[in-house]
Structure formats: C-alpha cells, structure tokens
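Each of the next two complexes has chain A plus one other chain: chain B in the first, chain C in the second.
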Partner chain A sequence: MNEQDLQRLLGYVPDLAGGLFYTIVLTPIAMASATILGVLFAIGLNAPRRIIRTPIQWFIEVARSIPELVHVFIWYEAFAIMGLVLPAIAAGIGALTVVFGAFLGEVIRAGVLAVEPTQWESGQVLGMSRWTIWRRVILPQALRTVLPVWSSYYISMYKATALLGLITVPDLLFRARGLASQNFRHFEIYTIVLVLYFIVGKASLAIIRRYERRLRVDVPKSEELTLLRHPLADHT
Partner chain B sequence: MTSMTPAGASPGPGDDIPAVELIGVSKRFGSNMVLDSVDLRVRKGEILVVIGPSGSGKTTLLRCLIGLVPLDDGRIEIDGECVVDLRRGHPTPSARTAEAIRRRKLGMVFQSFNLFPHRTALENVMEGPVYVRHAPRDQARADAERLLAQVGLAERRHHYPAQLSGGQQQRVAIARALAMKPEVILFDEVTSALDPELTGEVLAVMEELAEQGQTMIVVTHEMGFAREVGDRLLFMDQGRIIEQGDPRTVLDAPQQDRTRKFLSKVLHTH
Partner chain C sequence: MDGLERFLDVAHFMAPAAVTTLLVALVSFPGALTVAAIVTVPRIHRIPVISWLADQYVDFVRTTPLLLHLFFVYFALPFVGIRVEPITAGVLTLSLHVGAYQSEVLKAAYHAVPRGLVEAADVLGMSRLVRLRRVMLPLALRVALPGLANSMIEILMDTVILSVVAVVEIFYSRTLYFYQFFAGRIESLILVCLFFVIIGVPAGRLVRRLERRFTIPGSGSEPARIL
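Up next, the complex of A and B:
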C-alpha cells in the first residue's frame, strides 16, 4: 500500500465515523425501550390471570421466531402500506424494541423467579401495594441478577442496528456500502468498518462490565441466607 | 437487661378495646385443619407468647392475622376495627379497607429476616415510611437512624444485609417493623434461624420493646423469654389453643397432658 492509498483510505473515515454515530446512539435508545418492554412482559408473564399471561406468551413466541430483518421490514414497509408511515429510524427502533423486548421479557422473568418469594411477604407486611413491591423490591433485584445476560443482549442489539442500513438509516454499514459501490474498494472499506465496530463494541462491553461489578458487589447470594435457617425450623 | 415484669400499657381511655380479637378463626390446608375455630383476645400492651409443636398452627395464626394467608372462617378485629368476617350472615369489609387497617396497625418480623438484600440497613428501615406512608425523606432518615441506634446498630447503618450477622439482620428487621409504628408486632420464631450466641442480642431488643409497652405476639421456642417477658403464655396443638395463662404457671404446672408432653420434650433440649 503506498502513501496515496493510505491517504484515500483515511479520507473515508470521517464519513464512516458519521455513520457510526447512528449506531452508537441507536443502540442505547433501542435497548432502553426494549428493556422497558421486557419488564412489562415479565410482569405480565407473572400475572395470576391466564388471560393476561397467554397472549403475552404467544406474542413472545412469535416475535422470537421471526428473523430480526423481517421485523425491520414489517415496521418500515408493511406498516407503511397499512397507512402507518414511520421514519426509518423510528421504524428501526420499533422493530428492534419488539424483538429484543421479547427476548428480555423471558430473561427478566427468570430473574424475577430468582428473587426469594419471601421478599413479596416482606413488602406486604410493610403495607406496600403490589406495584410498589414490583418497583422497589422485586425488579431491582431481578434486574441485577440478569445483568450479565442483559449485557450480552446489549452487544447483540449493537450488532443488530446494522440491519437498519437496509431501510435507509444512514448508519456505518449503510455508508460503507454506498462508498464501496462507488469506488469498488470493498476490502479497505470493510476493513475500516470491522475495526470501527470492534472498537466501539469492545468499549461498550468494558463500560457495561464495570457497572455490572459495581452493582453486583452488594447483593448477597441467596445460599448464604438459606444456610442460616435452622434445620428444625417450623414453617407451619 | 434483667428479668423484670414488663410494664405494659398504663390504663387509659380506649384500653378496653383489645389490640387484636379473633372469633372462631379457622383455616385449613386441604384436609388439614391448621386453625380450628380459634378465639383469642390480646390486650393493648400485652406480651402474648405462643408455643406449640411444629404444625400446631402458631405461624399460620400470625399469617392469618396480618393477611398473608386468607381465612376460611371467623372474624378478626384489630384495635376495634373489623378486617375480616366470614361468619355466615356477617358483612366483611373490602380487601382494600382490610389492608389499610392492617398496614396501619400491624407489623411482622420473620424467622428468616427477609431484609431487602439490595438496600442498606438504613434504607431497609426507611423503605416503609417513605414508600408506604410517604413520609418526608429527611424525617424518615432521622427516625430510621434513631431506631437503628435503639437496636444497637447505629454504626452499621450503611451496611448491606449480606455484610451483617444473622442477629444484626434480625435487629434491622425489627427496626424496619418499628418504623411503621405498628400497634401490634408479630414475631414469627425470630430467633430460630440464629446461632445460640446470636439469639441473646435479638431477645434483648424484644425485651426492651416489651418494657416500653409495645403490644407483641411472639411465636417462639425460647422458653426463657416466655417465662421472663411474657404476660401470657398460650400453648397450641393441632390448630387449637390447648392451654393458656400466666407463663410461670403454664410452664411449671401445666394442666393439660399435651402441654406437659410438649414441655417435657422442649425443656430437656434446652
């Protein structure tokens, strides 16, 4: 590679980095809304009434079985034909929210099941409403428990934003393809794409892991509490 | 702390209203009659100690009182207000009303502490006042600090439950119940999960509460506590109250066979 090539290569970087900006901003937004949806699903899956649980179970099943890309096209193209025309970014966030919300719903539900059932009683005897118990007692513990799984979904989400290039969101991959189709420098351009994705992905993971450690340090293992129970204890 | 007769509440207006009254309270799990038409009155300021073998219904009694377990029959009144009445032909208050009354009047401490593991001791104690009573944060904090000092844990207020010993956790749990200023506190075998050397510190806190006139219903295996602190001892077996009376009398001279049998087993192991 001569110097001229290198110059040209570096000339692509600002444009590509501009695309990377979309990826960096879209990931936390879509992940935040997917987490909120996941929490609502988890609460719904915990509902005592079947009429609430069953439709959510079905929705999650269906949403998880469809490729992410199909979700994206449904939100951008199929909805438009039905009269709901969404800007590409909104459609993309909507689609990813539903897909990841479905996955996270199951994950958070498992986290809820991992919370000691006696925590409900603790809240009840303090006179907390069901909603207050969810908000103050159950969810904070459940979310801490699932944090490691959540962070791997965060990285999946980060990678899934590349799909939005296919519905004209000018993200990193979208711009790379545009450039490559003009100058046929596929190898160089995708090398830059690879490096940029890797750097941001690695950095996000490092930040998340750091928070994970900080949040986990104070949560006791439930086994420790169990060990303290008297073997002859009476649970009448 | 020495063994003293608890002070109890001084007589005053409204004292004839029992803190808790149960009439014909029954509860069955499947075909198992866990509470069999229990009648019980607890005076304000009284320390009622409940003993009995496993499965005698003493824990269920507390759980029915506070509403963790629904009754099958009977009536419960708390401080003169009916929270449930399932006797034929009697109106029962709505679940919402019942819960509001229980929330104001009752507190409970569990065998396995059940502190919120993701909150510090101080936050555990503040949780009820701030998120149930909507007390101002500063005031709730000051109250919580005072209560933690009262149970001897002022220095440990910023520790998480996992960083505290069992006895310390249980004392935080007592402070958490006290923060709601309940009329009656229910203690469900609160020392059963503790090592013997840690039970003393928890019992000492309870004894102090008793001296302050706090109405308490204490399910326990601690016969020493029953004898020294209890105003009345109640022996349950198979969902029924078999015998009750002054703790010393019941412990030293039980009238019923079943009480005698139970006591001979329990007292030998202590």
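Up next, the complex of A and C:
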C-alpha cells in the first residue's frame, strides 16, 4: 500500500463514519418503537373481547407476510401519493416499527402466556388496577422471558436498517453506494463496509448477550412459548 | 383509464414478474439447502479451522444485511473477474444468505437427537446407514421441518431485494409499469401486497401447524429431555 492508497482510504473516513452513525443510531430507535408497538399488540391480543383481538391478529398476520422492503415503500411512496409526505428517515422508522412490532407482538404475547396465572390473581388481591398489573407484574416478567428472542430480532432490525439506504436515508449502505459511484472502486468500498457491518453487528450481539445473562430469569417453558419462538433464532 | 380498468391492466403487466418471483424462490431453496448442508457438517463435527470458519460464516451472514451481500456479488465481484447476470447474482446471494440460517435449523435438529438413542442404535448393532435412516433422520427431520418450511417463506419474501439489481421480479415490475405509463403506483403496490399476503398468510399458518404437530411431546425447547 503506497501513499496514494492511504490518502484515498482516509478520504472514505468522513462518509463512512457518518453512515456508521446513522446505522448505529437507527437500530435502537426503531427497535424501541417496535417494542412499544409489540407490547401494545400483546396487550390487545390478550384482551377479553374478540372485537379487539381479531383485528390485531389479522393485522399482524398480514404485516408479517409482506416483505420489509415493500413496507418501506408503502410508508415512503404510497403515503406520499395519498398526501402524507414523510421525511425518508421517519417513513423508514415507521415501516420497520410496523414489521417488527407485528413480530414482537406475537413473541411478547407468548411471554405473557408464560407468566403464571396466579400472578394476575395476586395483583387483584393487592387491589391493583388492570393497568398496574400489566405494568408492574406481567410485563416485566414477560419481557424478560422473551429476551433471547428479542435479541435475535434486534440483530434482524440492525440488518433491516440497510433497506433505508434505498430511500435516501444516508446510512452506511447509502454512503457506500455514493462512494463507489464516484471512483468505481466497488470491491474495495463494499469490502470495507461489509467488515464494518460485521464488526458492529458482532459487538452489538456481544453487548446484548451480556445484558441478557444479567436479566435472565428461569421461567417454566410453556408449550406456547416454544411454539412461537423465532423460527430462525439461534439455538446456542 | 379508471379504477378497476387500471387495476386489471397493472395486474396483467405484473403477472409474468410474479412468476419470476416464484421461480427465483423455488430455485434458491435447494441452493440454500446445499449451502446449509455444506456449512452444517463442520459445525457438528468439530474439525479444526474448518469448523471455526463455518461458525464465522454463519455469524457473518447473521450480522450483515442481505442487500449489501447482493451489492457485493453484483457490483464488487466483477472487479475481481467474477461477472454474473443479475438473476444469477440474486439466486446466489439468496442461497448463501438463507443457507446460513438453515444451517442453524439443521444444527438444532441434529442436536435434538438424544445421544442415548444413537448409542442404543449402536448397541443394537445397526450400521451407520440404518442408524441414520431409522433413528436419527426421523427425529431430526421432525425438528427441522417447520424451520425449513419457514425459510422457504423467508426466501420468497427476500426476493423483492433483487429489484435493486433490476431483476424483473414482482417489485421491479411495478417500477417498470410506472416508467412506461406514469401511472398505477398505488395499484401496483396494492397488488404486490396482495401477492405476498395471499401466499404468505396461509403458508405462515401451515408452518405453525407443522410446528404444533411435529413438536416432540414433552421435549420443550430442550430436546434432550425426550427420554
């Protein structure tokens, strides 16, 4: 590697660093809103009234059978045509929130089912309102139970943010395309970006796994929970 | 052209592309299985270096976006002399990507066969082949089937990514329609959604039925408890 190569590689740094920033920041934001939506879905799926449960069930089934990329274009393109023009980043986060919220809704519901029914009764006996029982008794336990599944969705989300580069969100993939179209060194640039994605992904995975161990609770595995675990989740 | 007429026109235009989508998924599935088989063997039987490489490969695929893999195969590889057609690049990328996930399914299925059963088969004097056919496969396939069926749906949904390298699959055909007629963007998007919902919802239900039917009773998520 000579002086010139080094100069060129250093020239990538500002762009790639900016892209990396977006990629790293987008994931937790989108995942946080997807988790909130997932919790709402899970509460809705647990509702006593069928009129609340059924539409949510349908929505989840439909949302998860449509590819992420199509969701992104629904939010970015279709909404704009119908008069709701969203900034690319908002459209992207909205789309990913819906897709992952649908998946997480089912996962969290399974976690709720794994909580002992006596916990509900205990809450009632203590005079807690329905909402307080959800917030202080059921959800903390349910969310801990589904944590391993949640983390594999976190990594899926990290990968899915790359789709936002297609709708001009300036993330790592978007910057890579820009750089490559300037100097036609596709091989070099895409290799660097692949390595960056790999390093950040492995690091996030390691951090999540550490928290997971700290928060882990051993809950008896209900049949429902094993049925609904992420089919492609890791089995380590 | 008004509502319904436009709808039918778009549908007519997109139909061949929908077939392409299905074909790409159908071709990629055995490709992915091949990748999975090749990667899983060293992950089960510990072979120095090769096992490590196989593990790293799976980790690599699981932490890097599919879109980037496709860009790499289609835009970067020609610079080192590997030039492929867009559709080949797509099938290759899907196979390599989904293969890594399937490898996780196969690995889990292998570990779902209790050691005790394998040893029992040995004690009964079964040959390796008979042991595989009568003891290991019936159990392992039962565990693997829902996961593999699910990966088939994943492949189908992932094919829309191929639109970025101009493979005329269902999602790219809507762009083409717009370029030609400057209309029908909403209609075509609705049709794309319908296509995936009509296939995806029943398929998803089928996979969940398979899971329920094939779960080995009492095994929970720890298959070793089967005995």
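Convention: the second predicted complex is superposed on the first by the 210 of 236 C-alpha atoms of A that agree within 3 Å, B and C clash if a C-alpha of one lies under 4 Å from a C-alpha of the other, contacts with A are read in each partner's own complex, and residues count from 1 in each chain.
Criterion: a residue touches a chain if its C-beta (ideal position, glycine included) is under 8 Å from a C-beta of that chain, and two chains touch if they have at least 3 such contacts.
All values derive from a computational prediction rather than experimental measurement.
Novice: So, does A:Arg49 touch the first partner chain B, the second partner chain C, both, or neither?
Specialist: In the superposition, A:Arg49 contacts neither chain B nor chain C.
Novice: Just to be sure I read the superposition right, which of the two partners does A:Val62 touch: chain B = first, chain C = second, or both, or neither?
Specialist: Second partner only.
Novice: Considering only touches as defined above, state whether A:Glu77 meets chain B (first), chain C (second), both or neither.
Specialist: Second partner only, chain C.
Novice: So in the superposed three-chain picture, is A:Phe198 touching just chain B, just chain C, both, or none of them (first/second/both/neither)?
Specialist: Once the two structures are laid over each other on A, A:Phe198 reaches chain C alone.
Novice: Does the superposition put A:Ser122 against chain B (first), chain C (second), both, or neither?
Specialist: Only chain B; A:Ser122 stays clear of chain C.
Novice: Does chain C touch more residues of chain A than chain B does, or is it the other way round?
Specialist: More residues of chain A are touched by C.
Novice: Name the contact category of A:Arg144: first (chain B only), second (chain C only), both, or neither.
Specialist: Only chain B; A:Arg144 stays clear of chain C.
Novice: Taking the superposition on A as described, I'd like to know which of chain B and chain C A:Arg214 touches: first, second, both or neither.
Specialist: neither
Novice: Quick check on the output: what are the common chain A residues between the chain B footprint and the chain C footprint?
Specialist: Common interface on chain A, chain B vs chain C: 221, 225, 229, 232-235.
Novice: In the complex formed with chain A, which residues of chain B make contact?
Specialist: The contact residues of chain B facing chain A are 34, 54-60, 66-68, 99, 102-104, 106-108, 110-118, 127-128, 131-132, 160-162, 166, 176-177, 180, 189, 192-194.
Novice: Taking the complex as given, what residues does chain A use to touch chain C?
Specialist: The touching residues are 61-62, 64-70, 73-74, 77-78, 81-82, 155, 158-163, 165-166, 173, 176-177, 180, 185-187, 189-191, 193-194, 197-198, 200-202, 204-205, 221, 223, 225-227, 229, 231-235.
Novice: Going by the contact rule set out above, which residues of chain A touch chain B in the complex?
Specialist: Listed in rising order, the residues are 116, 118-119, 121-122, 124-128, 132, 136-137, 140-141, 144, 218-221, 224-225, 228-230, 232-236.
Novice: If we count contacts the way the header does, which residues on chain C are in touch with chain A in the complex?
Specialist: 59-60, 62-69, 71-72, 75-80, 101, 104-105, 107-108, 111, 146-147, 150-151, 153-154, 157-158, 160-161, 163-164, 171, 185-186, 189, 192-193, 196-197, 199-201, 203-205, 207-208, 211-212, 215, 220-221
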